[in-house]
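Note that subunit A is present in both complexes that follow, paired respectively with subunit B and with subunit C.
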Partner chain A sequence: MFSYVLRRLLAAVPIALGVSMVCFGLVYLAPGDPVQTLLPPDADAETVAQLKRLYGLDRPLAVQYLSWLGRVLSGDFGRSIATGRPVAEEIARSLGNTVLLAGLSVVVAFSVAFALGTIAGRRAGSWLDRCVTGVAVVGVSVPNYWLGIVLVIVFAVEMMALPASGMAGDGFDPTSWEHLKHLVLPVITLSMIPVGIIARTTRSAVSEVMNQEFVTTLRANGLPEWRVLRHALKNALPPVLAVMGLQFGTLMGGSILVETVFSWPGSGFLLSKAILTRDVPVLQGTILVLALIFVLTNLAVDLVQSSVDPRIRRA
Partner chain B sequence: MKRVLASIGAAFVLAAAGVSAAPARAETVLRIAMTAGDIPLTAGIPDQGFEGWRFVGYNLYDSLVLWDLSRGDRIADIRPGLATEWAVDPTNNRRWIFKLRPGVKFHDGSIFTAQDVVWNMERMTKEGAPQFNARQFAFARGYLTNFESVEAVDEQTVAFTTKTPDSLFPYNLSFLMMVSPRRSAEVKNDADAFARNPSGTGPYRFARMVPGERLELVRNADYWDAARVPKHDRLVLLPMPEASTRTASLLSGQVDWIEAPAPDAIPRLRSARMQVVTNSYPHNWTYQLNFVDGAFKDIRVRQAANHALNRADMKEMLGGVALEGFATVPPSTAYYGNPVRYEYDPAKARALLQQAGCLPCNVTFAISTSGSGQMQPLPMNELVKSQLEAVGFKVNLQVMDWNALLQLGREGREKHTGVDGINISRATQDPFNGMLRFIASSQAAPRGSNWGHYNSPEMDALITEALSTFDAEKRLAVLTRIHEKMSQDAVMLWVAHDLNPRALSPRVRGFVQAQSWFQDLTTITVEAR
Partner chain C sequence: MQPLVEVEDLSVDFVTRESRVRAVNGVSFSMMPGEVMCMLGESGSGKSVTMRALMRLLPPKRSEIGGRIRIAGQDVLAMDDRALRRMRGGVVSMIFQEPMTAFDPVVRVGDQIAEVVAQHRGVSRREGLRRALELFDLVRIPSAERRLQAYPHELSGGLRQRAMIALALSCEPKLLLADEPTTALDATVQIQVLILLRSLQRELGMSVVFVTHDLGVAAEIADRVAIMYAGRIVETGSVREVLRSPLHPYTSGLLGSTVHDQPRDRALETIPGAPPDMRALPPGCSFAPRCPQALGECASGPPPAVSPAPGRVARCLRVAAPQQPEYA
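Up next, the complex of A and B:
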């Protein structure tokens, strides 16, 4: 088991390296310039050249990449070109906000979707199943930025019950309603797509397992239906867990639109800002960390899967 | 469930109210949603464009020269700031002498002196000085192209020397914020540490900052200009780049003020009794043209394009939140004069194209999808295209990202001979930045902002005359001639001037919207809810 984890972690190294190289290259292939954020829109070419020299951006691309890599390996992500603040600090703060948002969305999405999917899968083909499938299709199809705006119009603008944007301020206090209410709309918005995807996966996994012979055997042995369901769910869980893991990874990095709509200062918001301003150190650092989170989440899911289903050997 | 949560929330609110004894007077807070994606830099000259200067720069800091934002009926001009008066040295027209305001204190309590001006100039210009800061250098650079040196003549006097005679030099100093050398020394000249605990001389003091989320400033009761001590206690600045989010935040009572609501949200804001304020300001939505390579080198083609535009249609499309743009600066500018008025006349436009032998007349414009001051670039460019094509042009729009367009603009026409015009909207707050840099042959790109290499010896002579005329009234006459000549030569394709819409809660009182990119927030009172 230990060597399996180690191997998986080592496999993350080339992934991270590849991601950072592609990202570095793409930023430089795109027109525009990182020092543009610092200069007035129409600064002359001489000023641009002087500033590039001051920031070391006039060196060959490979040299820039290697020096960045060297610093990252010693734990220094550098400073943001746009704000001058240490990148590690920027990522830690925004990632914390995103983990809060994505974590809660994951809990909401997983519980709702798992319940819905189980109900539908157990009675595949019934009107209940059709309703749940309908909800799942809507969840997957509705663009979340649109849903976010609609929720804001209804709950913030018309009913004035919930805030439309932002966090309440410094840190997060789970006992404060002032803080919690800022989370309600973004969490609902962000969990809609995973609800759809996970509910559909759960439904098909449960309905497939319910048709297997061991379920018939269990019923023939006179087990009460809730215990039959418990056995069935345990068998249906591995594919659902795999999908959940992927969804968590997606939520961590893919909430750019939702975070922008709600002005939520998370990693998606940070990424979109960094892309628009070509803030290479922030972009590189954030993408690297998100890629690692994705890898680690998948590893965690694999480990949970194998503990749920001993047939999956991890050696 | 909602009711349960609401009652839990109510319990917390009541508990909190019980803990803190009710103060004699509740703190008044003005909460503003900015269009910026982040909090502007607090370490001196801000980033985030002029919005950074508007909300952070001129509130935390002062410059030697400030803008007169006290009235809304004409384009704002400069006025004394940390300097009380200035004049060019009678024996040397490259030397400017500034008398400093006595008794001004930084927020850390130290006194502002001539030495501090020199220290600040070195922070922005002198590589190798311990306080030198590359970012401040970058922000200041555009305003210091003609700066040569500075010296402290005595405790209350500084002298600036320029490379060439420059009657407009004081405008440049209005963008250079003076920070406290004492606070900088305390943090060992670390600009990042300074930004987290800044000290200036401005009407607001720094209170706290949550990076990416909010900046809070509080009233500086000891501000040197007693008339501008803020009339509210606290100013909260929130970055909110998404227009619909800003609108929703104002409507839901989360903020008291939003910048730039989308035009289609304005009727909704008005119906909710929000104050929607607009005013002319120095903004020019335009196309700079190529004078060397394509069709626009013929003045008849430039005139035709200007006559082809139905600017009233453009204004209507923008929900009325724009002025029809007939010239480089808005009509309320002191040097507007009497420029040629290119009225909508499609027949004349077509005849001019025929005379020029350019029918159909192929032109390519480089445009952006978004960007600071670009208003709604895509629908606006589509409308311009359809209006030009109606008279015989054939328009190709080369759409790119804002950064890419800026780079194309900086490189000049030489590298982009296939482009006939660039759509970069400009701030025209002072004569040099609003007009001269686009038409002086010495400013030809990539050296300066004369992208299309317009070159007129007569115009160059006028510019030299303006820059070496130190009598304000005589200079105004020359600037007026320059502005009129720009129109005669049809130097640009003029489309619109933005009207700078912002929406305020009905509780916000006492705001005078100046005709400027900057605004005075100190006059504002906020009524209790």
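Up next, the complex of A and C:
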């Protein structure tokens, strides 16, 4: 078990390297550079060159990458070009907010979708099943930034019931309604797609399990239907957990648009700012950390899966 | 003594929006307590469906059961969910063909048995586990204590089937339905499981319905046999009589096509043709198109059940015919 975890963590190293290289390369392929956003448009060539030298942007790409990598390995992510603050500090501040938002969205999505999917899967082919499938398709199809804007217009602008953007302040206090209120709209928006995907997965897993022979055995032994369902759900859980983990990973990195719509000070928001200002150190650091989180999430899902289903014990 | 099982004119239809197929058609039999009956027949002849109908395990929306089923004095078809749950596992229980898929793969075998015991007897899980240990000893599973902790995939096929038998016997049913319990096992393990079932039946005095297509198994374990063909019982009688002097041509065909007691250089006799399509049965005797002794009248209507001797019933026009006085 311990060696399995260790091996998986070691396997994350080449993944992280690959991700950082691709990201480094892509930033330089894109037009524009950070110096242009820092200086006025009419800055003379001498100033531009000076600034480039200051940030090490005049060196060959490979050298820049290796020196960046060397510093990262010693825990130094560099400084943001846009704000001048250490990148590690920026990431630490925003990542917590994103984990809060993405985590809550996935938990909400899982609860709703697992219930919906179970109802549909037990009665595959019924009108209830078709309703749930319809909801799932809508959930997956609606672009979430659009949904976010609509929700803001309805609940924040028209009804003035919920705040449109931001957090209530630095840090998060789960007992304060003021803090929770700011989460409602972003969580609904972000959980829509995962609801659709997880509901579909649950539905097919449950309906498959309900057709297995052991369900007949359970009934043939006089177990009441809720106990039969409990057995079935335990069997249906592993694939659903896998999808849920992937969704969490996607939300961690992929909520750029939604965080921007709600001005949620998370890593997506940070990334979008960094992209617009060509803030390479921030981009690099954030993407690297997100990639590692993705790997860790999948590892966690695998471990939970094997604790549910003994047949996939990892050794 | 009252019969334990009385089945009268049982029919099972599978219904979909487009079609309706009668899988079991006018099956009647009764069993005394402690009696062992074998149901013999080819795949698709309705043996398993009959078994599942006895416990009402067929999907209620896609199937319709007709006729009468009484088990231990109770009308099975009139039971509500609660009575049905009490009957299933408590009075009647079933062993399935494929022990690999018949257990929940993600729950320990011992816990699955304990759950059923706890459900029927209203005892704690711990008490249920103690009962499971007793049962594992009863079905002769070695190192029972350790095996209770095993997941189904960690047991061999033979042990899994023994565990399945333990589960079925957990609440001391009066009737055990064994649906081809040895078909999926290795030949050596088959015999062990068969011997185990026979000795348990004697020890516990249960009635057993044993579904099989293996005549050897039937001869080994049964008091009585019922031969099924195309959803009907075409012949019943004691094992001895049926195997020694079959009445129905289909039974004779089955006996002729076994490997046992045949000279090795002779080619096996088989029954010509194939089992009929249940969606389009011939109007008369379903076996007539394959029957070497078919008469003209065989195609006119289903032959009635006739009883030429006490305890023997066959559905064949030939049997009732006077030119066979030895059965009169």
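Simple rule for what comes next: the second predicted complex is superposed on the first by the 314 of 315 C-alpha atoms of A that agree within 3 Å, B and C clash if a C-alpha of one lies under 4 Å from a C-alpha of the other, contacts with A are read in each partner's own complex, and residues count from 1 in each chain.
Everything below uses one rule, namely that a residue touches a chain if its C-beta (ideal position, glycine included) is under 8 Å from a C-beta of that chain, and two chains touch if they have at least 3 such contacts.
All of these numbers come straight from a predicted model, not from anything done at the bench.
**Student:** Should the superposition on subunit A be reported as showing a clash between subunit B and subunit C, or a fit?
**Tutor:** Superposition check on subunit A shows subunit B and subunit C fit without a clash.
**Student:** First (subunit B), second (subunit C), both or neither: which does A:260 touch?
**Tutor:** first
**Student:** In this superposed model, does subunit C or subunit B come into contact with more residues of subunit A?
**Tutor:** Subunit A has more residues touched by B than by the other partner.
**Student:** Touching A:84, do we find subunit B (first), subunit C (second), both, or neither?
**Tutor:** first
**Student:** Tell me which partner A:93 touches in the superposition: subunit B (first), subunit C (second), both or neither.
**Tutor:** first
**Student:** Looking at A:309, would you say it contacts subunit B, subunit C, both, or neither? Reply first, second, both or neither.
**Tutor:** After superposition on chain A, A:309 lies in contact with subunit C alone.
**Student:** So, does A:167 touch the first partner subunit B, the second partner subunit C, both, or neither?
**Tutor:** Touch partner of A:167: subunit B, not subunit C.
**Student:** Quick one: is A:46 in contact with subunit B, with subunit C, with both, or with neither? Answer first, second, both or neither.
**Tutor:** first
**Student:** Between subunit B and subunit C, whom does A:21 touch in the aligned arrangement: first, second, both, or neither?
**Tutor:** In the superposed model, A:21 contacts neither subunit B nor subunit C.
**Student:** Taking the C-alpha centre of subunit A as the vertex, compute the angle to the C-alpha centres of subunit B and subunit C, in steps of 10 degrees.
**Tutor:** So the C-alpha centres give an angle of 160 degrees.
**Student:** Of the partners subunit B and subunit C, which touch A:270 in the superposed model: first, second, both, neither?
**Tutor:** first
**Student:** Measuring by CA atoms in the overlay, how small does the subunit B-subunit C distance get, in Å?
**Tutor:** 36
**Student:** Mind listing the subunit A positions that touch subunit C in their complex?
**Tutor:** It is residues 212-214, 216-224, 227, 231, 234-235, 308-311 of subunit A that touch subunit C.
**Student:** Considering only the defined contacts, which subunit C positions touch subunit A in the complex?
**Tutor:** Listed in rising order, the residues are 55, 57, 84-90, 93-94, 96, 98, 101-107, 115-116, 119-120, 151, 153, 167-168, 170.
**Student:** Which residues of subunit B touch subunit A in their complex?
**Tutor:** 2, 5, 8-9, 12-13, 33, 37-38, 41, 43, 47, 49, 127, 134-135, 137-139, 141-142, 145, 191-192, 195, 208, 210-214, 238-242, 244-245, 248-249, 251-254, 371-372, 400-404, 406-411, 424, 426, 437, 445-449
**Student:** For the complex, which residues does subunit A have touching subunit B?
**Tutor:** Residues 30-33, 35-48, 50-51, 54-55, 79, 82-86, 89-90, 93-94, 149, 152-153, 156-157, 160-161, 163-167, 169-170, 175-178, 180-181, 260-263, 265, 269-270, 272-273, 276-278.
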